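Scrolling down, you'll hit the structures one after another.
Shared between the two complexes below is subunit A, which has subunit B as its partner in the first and subunit C in the second.
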Partner chain A sequence: MAEKPASRWWIAPAAAGVAFLAGLPLLLSAYTVSLLISVLAYASLATSWAFFSGTTRYISLATAAFVGIGTYTVALLSDHLPLAVVLAIAHMIGFVIALGVGLSTLRLSGIYFVIFTFGLTELIKQLVIWFEINQTKTLARYIFVNASGTLIYELLLATATIVIAGVWWLSRSRVGYALRVIGEDEMVARHSGIDTTRVKVLVFAATSAVMSMVGAVLSLRYTYVDPNIAFNSLVSFQVLIMALLGGIGRPWGPALGAVPLVLLSELLSGTFPHHFGIALGICFVVIVFFLPGGVMGLVDRWSAWLPRSALRRRKES
Partner chain B sequence: MLEVENLSVAYGKHEALRNVALRVEFGRTVVILGANGAGKTTLLNSIAGIIRARPGARITVDGEGIQDEPAHRIVERGVALVPEGRRLFGEMTVIENLCMGAYAQRARRDEAARLDEMLTVFPRLGERRQQTARTMSGGEQQMLAIARALMSRPRLLLLDEPSLGLSPRLAKELFATLRRLASEGQSILLVEQAAHLSLRLADWVYVLENGRIAKSGAPSAIRDDDSLRRSYLGL
Partner chain C sequence: MTAGPLLAIQGLSKSFGGLQAVRDFDLDVPERSIVGLIGPNGSGKTTVLNLVTGEIAADGGSVRLDGREILGRPAFRVCRARIARTFQLVRVLPGMTTRENVLIGRLFGSAPATPEHARKEIDALLDRVGLSDLADQTGAQLTYIDQKRVELARALATQPRLLLLDEWLAGLNPRELQIGIELIRRIRDEGMTIVMIEHVMEAIRALCDHVVVMSAGGLIAAGAPDSVLNDPEVARVYLGDDDA
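After this line comes the complex of A and B, so read on.
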């Protein structure tokens, strides 16, 4: 694939930035760290969501399902197995379930895929409830993992770094082009020699596995979990809004979108705990109306207005 | 090199193609004339693997059956389609569109050389490498669509009404390009309504009516056929 030679000037600063972030828990209060944990978790979720749904335009509302799968894997297994093994299993279960879902549903197009993925979250939640009531006779579980806020933070920082770097790298590869082309015109993509089913299913599974991983790590914060907490459909919508806010055209856009919305959620749920949904809905409307290209699109427009700005010069060089 | 036998396609109860048979010899240009709704697009799409034919059909490329293969495998066999209405990747640049055409395994090895070749064959595209496809004129878009298909070094090029929506002058230019490709040995299967231009290009002609092959023959014979003259040539 003819790729523009990428300038790599930013790799050193990015590495320094990650190192700095890794050191932050030493400096910050436990509250701030827990806020950053949410930011990192949602940054990973929004980035992986956008890599599949943003490029192919197969809008998935199954984020909550895969997050919940991760959460429940920890709830069920953490008493019996070491943490690292549990996390790896969560990752694998997410991948395998997404593979099955993908194979059976990715031929659905447009609105049918959206509805299916939305229904999938509910279906899995109901299955877990059924299983817990009829088989284990418990509807709530306690998670007794001795994980400090710092450990959760570092795990999620590693996940977010790998996800964002991976998406950046993949989006300039053959796979990235294939995804974009599937989003533009899937039939012609097939005429171009792309095995669209394979690309879609594998990327859907890989990004879903990340979601399960994030769900698994996040669950270490909880002491108590039940199916309604683990499979919370709101998460699917929040992730979608974050990706839109940040802008889905770029690898780091969705992650940027996660920052203001996590902070906003924190602010809103602290100030108006009962009107959180309304505020979130208003945000969604505002984003779609005023920022169709997301924040990154706004940056582009501004840099076009400032002809001599550094941003623009960098883009052209 | 391409042989189609007993090809029938149905959309629900509507039969779009019935028992179609045709062949394209290596290096030849074959034209399929037909009115709107005659089944032309269906025919090309079923050869390209986008639409499944009814059981019993046989489509072979160099003797090997492809009727059950998925579209991306058929590209690997050396059959590329220029779809109706161009269907470019509108948000991508000229170069990116061309590179997508070289996605197939068979095209990857000397993609760069092929790209240079295409930019020489279509100099207008060379001038507009970084232009977004959707912002180009209709004629340029059609050239890009053809160049994109050629990027996979197809042994057989399928074209679905390439003159659609082009001015008479651009259509002429387009056919001159096709003639040049044909003279360089490219095998072509062209589906068209523009009978005058395509008859001049064709080595062999099929006439498709209501999903069946109504007639076939050399272009001169088709030109002399009275009923066809009335239907397709407006004479």
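After this line comes the complex of A and C, so read on.
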């Protein structure tokens, strides 16, 4: 008997949704588009982060490092090369550096990997500072790229769409299974025929390359950049919290987590610019205590509970 | 069918610091046979399995599967060379369903398949080991014997020629033990070659064609189960001098 083909009913509505989002800048103010740019950037970052770290449980705090690499690639090359080429180079540099980092660190497990990735951001930042001071005799750069808010929005929408669709597709493939097995029990993974080093290094590199791409596109918003802006460790924690808030078990969960935190950030940075850190800390505590599976976990629990309670009501009536 | 043994181990050695865990160990495993590997705790049995399957690196020796050297290969390559194993402490993946636990063996084993192609085969395999009704339960929800079945099914899903069982029958109650013995016998009858580390002598007598005994990292006796189990030296290493 032939297997029933998987249902694809949602593809048309999803494509319509993306088309609608692509047209939004025509309807919205520049401020709202700018807000959506942050949402799309963080949705891409959180989805990429969760695909590797959420699944394998190798918790990476190197997101800021790869975002910064993208930002600095634009700062260094945008005067000399066309934008498309610069973005492609940022993507490639992120991939190659992550490949080297992955090969040397993914044998580390648990807390050692977390600490190394956290230190990586600071290490790269210090290297950039050293390079700028000693080689170029400057510590800041101006970015003169003529990119409108709409262009940045459309680039990030394309990135987010590709990332979420790619993660959805890969999650159902052998790569997705391999990552899950590595997260559950790496010894079982090895003895089931999974080349764990290869899978970990390649997925870490691919997701880090996306982070560099996002950093590169986001940098088009700036006119001025220095190493402290480009390599901001807070980004690594924000992305982690967004992924946990949305729920890391589903391809679209982490992206969902980006929306409330970006809005909260915007609200607080406008009204209480110095309290965002406190709000972030409270969010983290609330998520860990009350939403261990994230919003998607809550949806799963509710959707399991609703049919049961409906059944109970029917029996009682 | 091979002319020589399917698995040939020669001079296998491994030290951990000052402790010689495995010392100049030899073993031949003919195709379609069950070889029992017994010995007191700490005698080096699991270390032999870990060396053969690439989990740890050997200090010296040779391990040949069907004439080809496999010592020094990483674990995933040993699996793809068609050697599968279970673990002394049962290792199911708690967050994955029974079907998924077994499916991964088929997805990444010696003849990797896509998830779509592997699913029907896995359902047949689950039926073979008595797990059909539990296919959608997670590993964490399963009883001990069912977790052991999952581990065995996952090993079989990799399509091995040689199956290494590390105390697979330990901790089962008498009824479960009989079911377990019957299952292993059936797998052997279907053409599998098996090496089993075991402390349950009833199972050794019922299943093994050949038994080797390890003590302090070395081989001290080998032969048919009845003669080996009646060997005074074997009784001495198991029970101590006074009881032997």
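Operating definition for what follows: the second predicted complex is superposed on the first by the 301 of 317 C-alpha atoms of A that agree within 3 Å, B and C clash if a C-alpha of one lies under 4 Å from a C-alpha of the other, contacts with A are read in each partner's own complex, and residues count from 1 in each chain.
Going forward, contacts are C-beta pairs under 8 Å (C-beta built on N, C-alpha and C of every residue); 3 or more make two chains touch, one makes a residue touch a chain.
Just so we're clear, the structure is a prediction, and the values are computed from it rather than from any experiment.
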| item | value |
| --- | --- |
| Superposition on subunit A - do subunit B and subunit C clash or fit | clash |
| Contacts of A:172 with subunit B and subunit C, given as first, second, both or neither | second |
| Contacts of A:137 with subunit B and subunit C, given as first, second, both or neither | neither |
| Partner chain in contact with A:194 - subunit B first, subunit C second, else both or neither | both |
| First (subunit B), second (subunit C), both or neither touched by A:8 | neither |
| Interface residues of subunit A shared between complexes with subunit B and subunit C | 174, 177-178, 180-181, 184-185, 187-196 |
| Subunit B-facing residues of subunit A, complex | 1-2, 174, 177-178, 180-181, 184-185, 187-197 |
| Subunit C residues touching subunit A - in the complex, by the definition given at the top | 53-55, 74-76, 78-80, 84-85, 87, 91, 93-96, 100, 103-105, 107-110, 112, 114-116, 119-120, 154, 158 |
| Of all residues in subunit B, those that touch subunit A in their complex | 48-50, 70-72, 75-76, 80-81, 83, 87, 89-92, 95-96, 99-107, 111-112, 115, 148-149, 152 |
| In the complex with subunit C, residue positions of subunit A that touch it | 3, 172-174, 177-178, 180-181, 184-185, 187-196 |
